[in-house]
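Each structure below is given as structure tokens.
Next come two complexes built around chain A: one with chain B, the other with chain C.
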Partner chain A sequence: MGTAAAPLPRIRAASHHRLRRTILDFLGWGMSAIAFLLLGGAMVWILAVVVMRGYHALSLTVITHVTEGYGGGLLNAIEGTLILAFGGLILSAPLGLAAGIYLAEFDRGRLAPVIRFLADVLVGVPSIVIGYFCYVTLVERLGWKFSVAAGSVALAIISLPYICRTSEMALRQVPRALREGAYALGARDSRVVLGICVPTALPGILTGVLLALAISVGETAPLIYTADWSNYLWTGHLTKEPIGYLTYAIWAFITEPFASAHALAYAAAFFVTLFVLLISIASRMVLVERPGWRRPWTR
Partner chain B sequence: MGATSDAETICPTGKTISSEPQGPLPATAAKISVRHLNFFYSRRQVLYDIGLDIPEKKITALIGPSGCGKSTFLRTLNRMFETVPYTRVEGEVKLDGEDIFGMSVVDLRRRVGMVFQKSNPFPKSIFDNVAFGARVNGLKNRDKLREVVETSLRRAALWDEVKDSLRKSAYSLSGGQQQRLCIARALAVDPEVILLDEPCSALDPIATAKIEDLLFDLVGSCTIIIVTHNMQQAARVADQTGFFLLGRLIEFDKTEVMFKNPSRKETEDYISGRFG
Partner chain C sequence: MNFRRLTALLASILGGILVVIVTFLAVYAWPAVRFNRLHFLTQNNWNLGNLYADPIMVRGQQVLPAAHYGILFLIAGTLLSTLVAIVLAVPIGVGAAVFLAEALPPVMRAWVSLFVELLAAIPSVVYGLWGYAVVIPFLGHHLFPWMVEHFGFIPFFGGHAGSGYGLLTCGLVLTLMIVPLITATVRDALVTQPAALREGAVALGASRFETLWSVLLPGVRRVLTGASILATGRALGETMAVLMISGNALNYLPNNIYSPISTMASFIVSQLDSALEDPTGMAVRSLAEVALVLCLISIAVNGIARVLLLYQDRQLTRAV
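Coming up: the complex of A and B.
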């Protein structure tokens, strides 16, 4: 006992620390778990409501038939949502990427701060304002009808700042050493950017594009003034005929006093949620790196 | 400024160094000749009145303590410093008698290749890394491309190790292999001069020996300039050695002379490890 007494205080101090660490650990884990439950719970709840309520309407008819009054299916709306979302993407992805490249690679240009500011402002503009703007300019001034083209342009304007800024961020993550390596070989700017920087930043760029796609699928307000609604499948006219989309079915049918309309609204909500979920999963997979291709700067 | 006064106090003999080339002129023609070269990061001068002739198809080593401007000097020779916005250079650098500042920078860098201290392979396959160098030169034909990739990898003494895994990521290679891959990539452009900035600093002795052997093979066709912190390496590989101190070229001479009988005290002190 006499010889063991000397080191005893240190052991006790250590166990004190251990106790504190255990408590902190416990608190940390507890808070993470609560956060997870809140988010995960909300997610599961939304999915459950959408699936349970949409369940009655979720038959084969929903995906094989078009809407007839307040019944029928949602084939026209599913098709319209996909066409509008991809139409928007075709316009916004090249432009947004080009702007992102300009911001990240040619920062010394005078226009860069202006573009960056405009992109940030555009994110904050309510989507209904963009919808109305497109209505005034495209439908009224240019004389287009409610149409795929008008709707796609509205969605493109909404997507543009997201694609632009995520591309810029992703390109800025490309290490200087890679750029220098390419320049030192005598490569021109275009080859350095398109051959090295863009491929290296591609996962990040694609994440931004998919985010924009998910936003497009979920938008309603900008389409009300530009795409309107249609009970029929698209016949291929770009500027002449209106087109249906899922979020319209949710927005318009939920307030109707018919059970069949409610069922369609929930079925539409189910599909929108499903699409967004699939897009999110896709964007996670884009970020998963192939084994053996791990970038050294993430080590 | 601070740097200037430091330089003057620690290196009081600086003013006696002329910008004319140090030591006897090499027997072969000068591939690169530098005169009165000053270099500035913003207002801070880091190279002072450098003058030297780099002999053609020889290995030239540059040594000196950390921060003395070796990398900066190397980066002026292929104008890589221009990727840093606030840099400025004064003086004359000629490649085969032609002013490099009057050339197209793209052409210059194709003629004067560079290998960096930290190997920086692209996140591509081994094949595409080397092919990038060849494609920069305008090569498109697939068979030709394959041929250039193979010869470049052979010249970089890497072919036997990677010939069965050309489609694998460059990052699946070891550090020494990655550095040789970067050399192969530079060789694929078929440069006349290769600048190497401490290419072996992250490598073990075996990988270092491989790269040194490689330099001896290359020097028959290229002019090589290598920055190194390793005195033995400079003594082993270099025909000529230049000693930098605080932004000045103190001495530039045949390697044997530099190591056995340097004419300046600073060189002797540095080489014998008395400072730096």
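Coming up: the complex of A and C.
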């Protein structure tokens, strides 16, 4: 640009600049909208496949009969999924809550940060590794064989850090004044925590338990090595009796070349997905209302 | 024992689980570690040996003749599928987070975010079902041949398009599974950025996108790094979906992005039945060694992510 025409290019440059800014703004928002639509589209696609194919596969037989070969129903698997999930919760909920109480209420020494760190890392350990660990120790060494007990322990280990850290978060939300009031009235630690803090934080704690339930119902890999599969209803033995569950039916039956097997796989996927999504939405509904809450994990 | 001590004890049990898992896997896998030595990680040869011959002694361990365990192809498959997933998930995750945090009116934000983040709630095996029954036929018959035709000149994008089972399919499905973690974390961080930052940028004449790009996003860089590493850890350990769509390659490395692969996590599931055929137990112990390697990798990855996120957590805990 010549020096004589100095003012003019500056104006032109400014308008170019403005145009460039407008285009960049447009591109930026456009890309972010595309990214969002990709995710939303994938979600709709998955849900459509599972719901439509699953719905067509549903019949009364599916929920009233046990599996026979590659047909029949899924009663055994539905029962097994519920037994394993609740078995896992019975083990993990008290322990996880106790650990959460320690981290939130009595966090004074050097132990708490270490436990918090170990719990967070345990969340990231692949579930198949936990399954293999349970296989080596419980199924083989202790001789429990494929069983409800081994499967429940595997699910409990996976659930524990979630329940622990969600309980901790929930308890931290309880106002300090409530504790001070209770202590001032002469209450002991156990009374303050179990009588005041835990009831106040119950919605948050429940969220963690629901999250653990959703994970347990959706897990497959750790159960293949610990619960195996069974075509029959549970006879009540905790050990040495394999048990079926829905996610196994999805994995095992979709690769079989029979229409009846495919129908069972889709029906199982329908139940599992619906159940997991409903629990996740329910647990979120508790939280959406509460500003300041930050969930420890997305799952 | 008072209540405080009791909760400390129970919390220690939780903390100890991780230590116990690593210790037991290491002890169980030790004969395999001795037998396999370092070529376990550097060679491509998973071979149970002659199942009908009498066991022989090698390096103090009883094994089948010609038994050899090298899992380089598993390490490659695991790392490559994770790489594809994370390369796709970071931009998509940040883009979606920006859309949710900045473009949506706050009334809709919570519920629209929930809808997308529920992608993380869908069980792995359902992703596997979807991938196996719907995505693979589409990719194998339409998209991959089209990509070979039009993008074949890019290294690793050409060659044989395959059947749809393989590295890119795994990468795509893994992307969907890990992206909500990035989206949710970045979205939360964007929403909680101080209003003063926004106001300052706008006062300087920045547009909303410029504010976002130059002021808000640099502020969440650390959170994004932490979330991305956590997402990496999840992709490394994903089992069922990968098992159903990877093609379960054995003993070879992928030669393009459509090649079948196998990952450490899915291999543990797919090989247990055959490993149990080995009467010396070396195959099962070698699988335990695979689990041990996977466990140590995920501990390292998650440990790093947690240390990075710790700073952010402290800030938030103080705010609460």
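Some points to look at:
The criterion applied here is as follows: the second predicted complex is superposed on the first by the 232 of 299 C-alpha atoms of A that agree within 3 Å, B and C clash if a C-alpha of one lies under 4 Å from a C-alpha of the other, contacts with A are read in each partner's own complex, and residues count from 1 in each chain.
Here, a residue touches a chain if its C-beta (ideal position, glycine included) is under 8 Å from a C-beta of that chain, and two chains touch if they have at least 3 such contacts.
In this text the structure is predicted, and so the values were computed from the model without any measurement.
Contacts of A:119 after superposition: chain C is touched, whereas chain B is not reached. Contacts of A:180 after superposition on the shared chain: chain B is touched, whereas chain C is not. Chain A has more of its residues touched by C than by the other of chain B and chain C.
Shared-chain residue A:42: touches chain C; no touch with chain B.
Using the contact criterion defined above for the overlaid structures, shared-chain residue A:71 touches neither chain B nor chain C, since it reaches no partner. Contacts of A:188 after superposition on the shared chain: both chain B and chain C are touched.
Of the two partner chains placed by the overlay, only chain B lies in contact with A:200; chain C stays clear of it. Residue overlap on chain A between the chain B contacts of one complex and the chain C contacts of the other covers 188, 292, 294. By the touch criterion given at the top, residues 21, 24-25, 28-29, 31-36, 38-40, 42-43, 45-46, 49-50, 53, 95-96, 98-99, 101-103, 105-106, 111-112, 114-115, 117-130, 132-133, 135-137, 157, 160-161, 164, 172-173, 188-190, 193, 214, 217-221, 224-225, 247, 250-251, 254-255, 265-266, 269, 272-273, 276-277, 280-281, 284, 288, 292, 294, 297-299 of chain A touch chain C in their complex. By the touch rule above, chain B contacts chain A in their complex via residues 78, 80, 83, 85, 106-110, 113-114, 116, 118, 120-124, 132-133, 135-137, 168-169, 171-172, 182, 185-186, 189.
The residues of chain C lying in touch with chain A in their complex are 2-4, 6-8, 10-19, 21, 24-25, 28, 91-96, 98-100, 102-103, 110-111, 114-130, 132-134, 176, 179-181, 183-185, 188, 207-210, 212-213, 230, 233-234, 236-240, 243-244, 265, 268-269, 272, 287-288, 291, 294-295, 298-299, 301-303, 305-306, 316-317, 320.
Looking at the complex, you find that chain A touches chain B at residues 108, 175, 177-188, 191, 195-196, 199-200, 290, 292-296.
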